[in-house]
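Each of the two complexes below includes subunit A, the first together with subunit B, the second together with subunit C.
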Partner chain A sequence: MSADSTGRSGVASGTKPVLSVTDLCVDYYTDAGRLRACDHVSFNLYPGQRLGLVGESGSGKSTIALALMRMIKPPGRISGGRVMVGDDDLTAMSDNEMRSARMRLIGMVPQAAMSALNPVIRIRAQIQDVLQVHEPNLTYSQVQARILEVLEAVELRPEVASLYPHELSGGMKQRVCIAIAVALRPKVIIADEPTSALDVIVQRQVMETIGRLQREMNIAVVLIGHDMGLMAQFVDHLAVMYAGKLAEIGPTPTLFAKPNHPYTHMLISSLPTLGQKGVFRGIPGITPSLLALPTGCYFRTRCPYVMDVCSSEAPTQVAFDGGHVASCHLSAVPGGLTGRVEAERDAEATLHSARAEKGTGEAGPNKTGGFS
Partner chain B sequence: MTALLELRNCSKVYKSGFFSPKVTVALDDFSLTIDEANPTITAVVGESGSGKSTLGSLLMGFIGPTTGQVFYRGKDMTTLSGAEHWQFRQDVQAIFQDPFAAYNPFYTVDHVLTVPIRKFGLARNKEEAREKMGDALRKVGLRPEEILGRYPHQLSGGQRQRIIVARAMLLKPKIIVADEPVSMVDASLRATILESIYTLHKELGVSVLYITHDLTTAYHVSNQIVVLYKGSVMEGGEVSNVVKQPQHPYTRLLIDSIPWPDVSLQWGKEPVIKDDGSSPTTTTGCKFASRCPHVMPKCREAAPTFFEVNAQQASACYLSESSPALAKSDLHRVLNKA
Partner chain C sequence: MRTGYVVQRILLFFAIMWLAATINFVLPRLATGRDPIREQLIAQSMRGGFMSTSMEVMVKEYRVKFGLDEPLPKQYVTYLWNTLRFDLGKSLTNYPKAVMNLIGEALPWTLGIVSFAIVTSFTLGTILGALIAWPRAPRLLKFTVPFLLTFSAVPFYILGLILIYFFAFQLKWFPIGGGYPIGTVPSFTLGFVTKLVYHAMLPSLSMILASTGGWALGMRGMMVTIQGEDYMNYAEAKGLTDSRIFFGYGVRNAMLPQTTGLALSLGQLIAGAGLVEVVFGYPGIGSLLGQSITQFDYTTIYGIVFFLIVTLGIVLLVLDLLYPLIDPRINYEQA
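Let's look at the complex of A and B:
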């Protein structure tokens, strides 16, 4: 994979991936039957890279996060595939080995910082906990020095160490969680919607901190979320999940410029921009229940470009240039998704101008592009 | 003409502690008018602690102002008779942030729809009630046969939030106060919920007060916008003006911090100055002074009043001093023009 133009870290060829996920499958065994929340997911993450994992609720993104940490609890089970961090195979480890690898090889910034911290224990003790368990040889003063060091790394004042979680704001709590995640300098951090409950400005500050630590410590980051805007601004590779499967994966600029899966396209266009005001493009329908998945392609029930083949055959992964992979039957159609989208846009434009001529339509879209 | 609902110079102060109370000004000298004849969607934007939810509670009559008055159809809220209060309860409806907490898990979702029908006597018999529920659900893009009789846990967050929108419109309100209605819903579903709120406004002429921290959705649904910071209005006006030519440094910071779904735009060109807590909500100067990149000595001495940048936009910042001044209580002069 070559370096991209946005200034985000590129990867020299020949580097070994720091996180390698191959055919990962996670099943939940419920009374209503077995459901597969993560279905043959494979991806590689190189040192210092940022991968985004997007999808709606129930698409399996948090399941992947838990599976990577080996924290799937019954009735769930990792039923197949392999997770390698460097040369260590997490899926082959015993529970004790995994206990020592967790946080040391692979750290996690949880979704709800408010419930991730223990409300009756001071911040100092919560950071100390992870250091003492994993590095028992440290002396007391070394541990204290390390606590101040990680607090400084996440831009918190040293006094924060002696406070309780309720005395901190949402952004500060999230920073404490980041401090705990990087305390042992892991190779990979999984950030599961780290800013979903925060305001835009605080979100930006927290993401800037994660980005800075990622560069300074050369950590690879997996950012899980549903906000394509945040993804566009933060990650260099993007994986789109739908109903437990990878719909599309590739470099962020490529995916935004030329998505090859209708779901990716709809996710991007569902976001409000400063273009046409009052135009809402939601994705109609809801994610199918994992217990009653449609035949063929799982997305066909909501896909505007559905074809006959979609209901009979599940699409296979098709590789495009630059490590871009998509699973959609449209890849085999001349013109692909881009052709369909353009045809649709032309039709819409014709309709719009016809309306404008009649004088019954509303005012034309105000084209403003960017702003400063 | 009397306004349907009016806040006149409202302040809300919270005190905590008994002997040496810690004073927080949640809302500081705020005025807003919502007309019946001219329905609008007003967005109130601000970060946590900006007083936007306090404003929502004031409008819904959950709390009273510390100073100032709230008027409903020209009458002070505190002097409403029982019948008038009942009318107020029907006219002003709420949509809350959390679509999970709004339901009692032991009842089917029909409950949130049947209760208001019964309480306000909207239907003569069960048949009619059922019909009304069906209509309300269809208006927000749901199929009644898929929804009625289900329990909250069987529905998605987006569906639940749309039922709340349906409930609000069932009463044919004049004003809907929507406090962060989409912040807990998936990004892909936000559009559908906002669309149903927008449709309500268009078709039924409901005024909407859209409380949010998200400027992009505010831009799309609203006609006018009020930007709050620590209880004070920083900027207000017609939404395209404010979002596209922000005058106040705080509005600029907010807009600069939005992660746009466009890889070619740079996120956060201007650095964020951290809040060092040096300007509490009780300061006499501008509340944004400690974080403002353009701070001047006079900003710390006295808070600026509004300056009317153009006919549809006012900014409370000395940077716009060359424009004519506008009194705090006259903010509605730049609003309500859309």
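Let's look at the complex of A and C:
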């Protein structure tokens, strides 16, 4: 499956993508067999763009993050595809070239900020070693100045440099990690659930800091997570993953307004909205095991709009307007997903009014979870 | 580090020393039915083949000399005062000789081989263990694990006997025992020092072989655990060099429990070293203790035991004071 283009809305055509992922495959070789945690994933990221990567646990989000850093550990390995950052092909680099590319070309904000810092050395030394290894020509005073500079950039006091990680709060630790990630001004930063261990207030502050630095330094950000609400606020492009494949990718407003994959649609409608009270609608079932994937479309076992063709053929990528790409057989059906959803809604409305006549139903038609 | 804690820890050290001294004082006096002075005198007169009729007078005389006729509380105070002045009394078998002098003569020998063996095996074992656990280290190192396991399961003294049999008795590469060749006089000449090192080789080798494995296995376990830590992954994501990750992140963190292990096993190591000295007839504290036990030289036994407690107390005090320097998370304010 390949999505050749991310939305180019707002980006002048002809601009080169800063991160270009083509047919990326990651396989894990286990005793139970080979499993493909990342299956022909392709997307482009342009300078200054923010791409969100969402999906359930086990859908391959973090595998992509590790694959982009080329840090997949045995028994896993990148079994195909290409990752380009600017003109540098990360997949073709030697181990040592890749080592020097980390944080310099492609930065990372770790998932577990609470435990990502070395507990026995000071913050200063932890920022210093990343500066020294990538820019060995810096003098001592230049390094010290840079440390204070990046700490200021993430809104931390200079005194933090002399502290140990256990003396910082969770939000401060995450800020230190962000400082390390931007210290060398990479072209791309991968933020793997950067706020998963933080409370909502700190989460908001940390995301604001990432957003501000992203704008100031024109860094492209890949934000990985499963918080659709956070994604809606932060990213301008969204990629939805399911069982290691890209289900749908496109500009966030388009994706929320008119999803073209049932999974995206169900993810969005499972969000609570202020205007609508009632029962939450989740997505029934669980992600299939990567060792026992269904034939044809991987989502068909949980899809409410499943058709005959879904079990025999894997859907191909279909491009819509504005760089919106989805892989679903419904795209070939007249009316598409929207047609199905509307038909369902009409049926429900009829049922509601029938109930209302009997005096048992709830008033008001069901509203789709809009996030505009 | 807080001064309050340092003072507290030093006071604790003295409290432990006082307790050790008290136990050292009480224990022999609890052992009723045996009178070391009488036993010693009887043994000596039997060796002379003549039983003196004035035995009782002599016993009494010696009791006064050792202050054993005084009431217990007074004896206790005198004993504590003497201990404070490092006066551990006089040896019974080598009578007029002070226990402290005996210890002083034996100490350099023990200090030499034991500190050398502990430092070497700890350093060697720690580095080896860390490398075995490191995926990017030479594969060949992994084959050392079975040997390390075997050696760490064999006690010092048995390994010592095996080494003596093969290298001293069969192959005659090394001397069978002793600290220096019989007939030579200790001096600080190059020739004598070479002989000294030559004699110290097998005893230290047996200690190093027996304990390196333990350190290596402990370190290997810690390194394996630490490689699963998030900060190790993040260090890799930072693009740091392998050696920086290995030493600055891996070994640095794995060293913490390893150091605790060193502090905890120090007593055992010293006891083991004593046995090695006995096996090799090495003129150190271990051999002195062995001789004193076989000759019922009570004052020397208690003196050595007390001396070992003091040594161990000092080493643990130093380690305790150093610990917050290697692990900043240790906060003694609440301790």
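Basically, the second predicted complex is superposed on the first by the 351 of 372 C-alpha atoms of A that agree within 3 Å, B and C clash if a C-alpha of one lies under 4 Å from a C-alpha of the other, contacts with A are read in each partner's own complex, and residues count from 1 in each chain.
Everything that follows uses one rule, which is that a residue touches a chain if its C-beta (ideal position, glycine included) is under 8 Å from a C-beta of that chain, and two chains touch if they have at least 3 such contacts.
Since the model is a prediction, treat every value here as computed from it, not as a measurement.
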After aligning the two structures on subunit A, examine subunit B and subunit C and state clash or fit. fit
Applying the touch criterion given at the start, work out whether A:P253 contacts subunit B, subunit C, both or neither, answering first, second, both or neither. first
Partner contacting more residues of subunit A (subunit B vs subunit C): B
Does subunit B (first) or subunit C (second) touch A:H226, or do both, or does neither? first
For the superposed three-chain arrangement, provide the angle subunit B-subunit A-subunit C between C-alpha centres, rounded in steps of 10 degrees. 70
Is A:P272 touching anything from subunit B or subunit C once the two structures are fitted on A? First, second, both or neither. first
With both complexes overlaid on chain A, does A:N118 touch subunit B (first), subunit C (second), both or neither? second
With both complexes overlaid on chain A, does A:V133 touch subunit B (first), subunit C (second), both or neither? second
Taking the superposition on A as described, I'd like to know which of subunit B and subunit C A:R99 touches: first, second, both or neither. second
For subunit B against subunit C after superposition, the smallest C-alpha distance in Å amounts to 5
What residues on subunit A does subunit C touch that subunit B touches too? none
Within the complex, subunit C is touched by subunit A residues 69, 71, 99-104, 108, 110-112, 115-121, 129-130, 133-134, 164, 166, 177, 180
Help me check something: in the complex, which residues belonging to subunit A touch subunit B? 6, 56-58, 169-170, 199-205, 207-208, 226-234, 252-253, 256-257, 266-268, 270-274, 277-284, 286-287, 366, 368, 370-371
Would you tell me which residues of subunit B are touching subunit A in their complex? 47-48, 156-159, 186-192, 194-195, 198, 213-217, 219-221, 240, 243-244, 253-255, 257-263, 265, 267-268, 272, 274
In the complex, subunit C residues that touch subunit A: 229-231, 233-241, 244, 248-249, 252-253, 256, 326-329
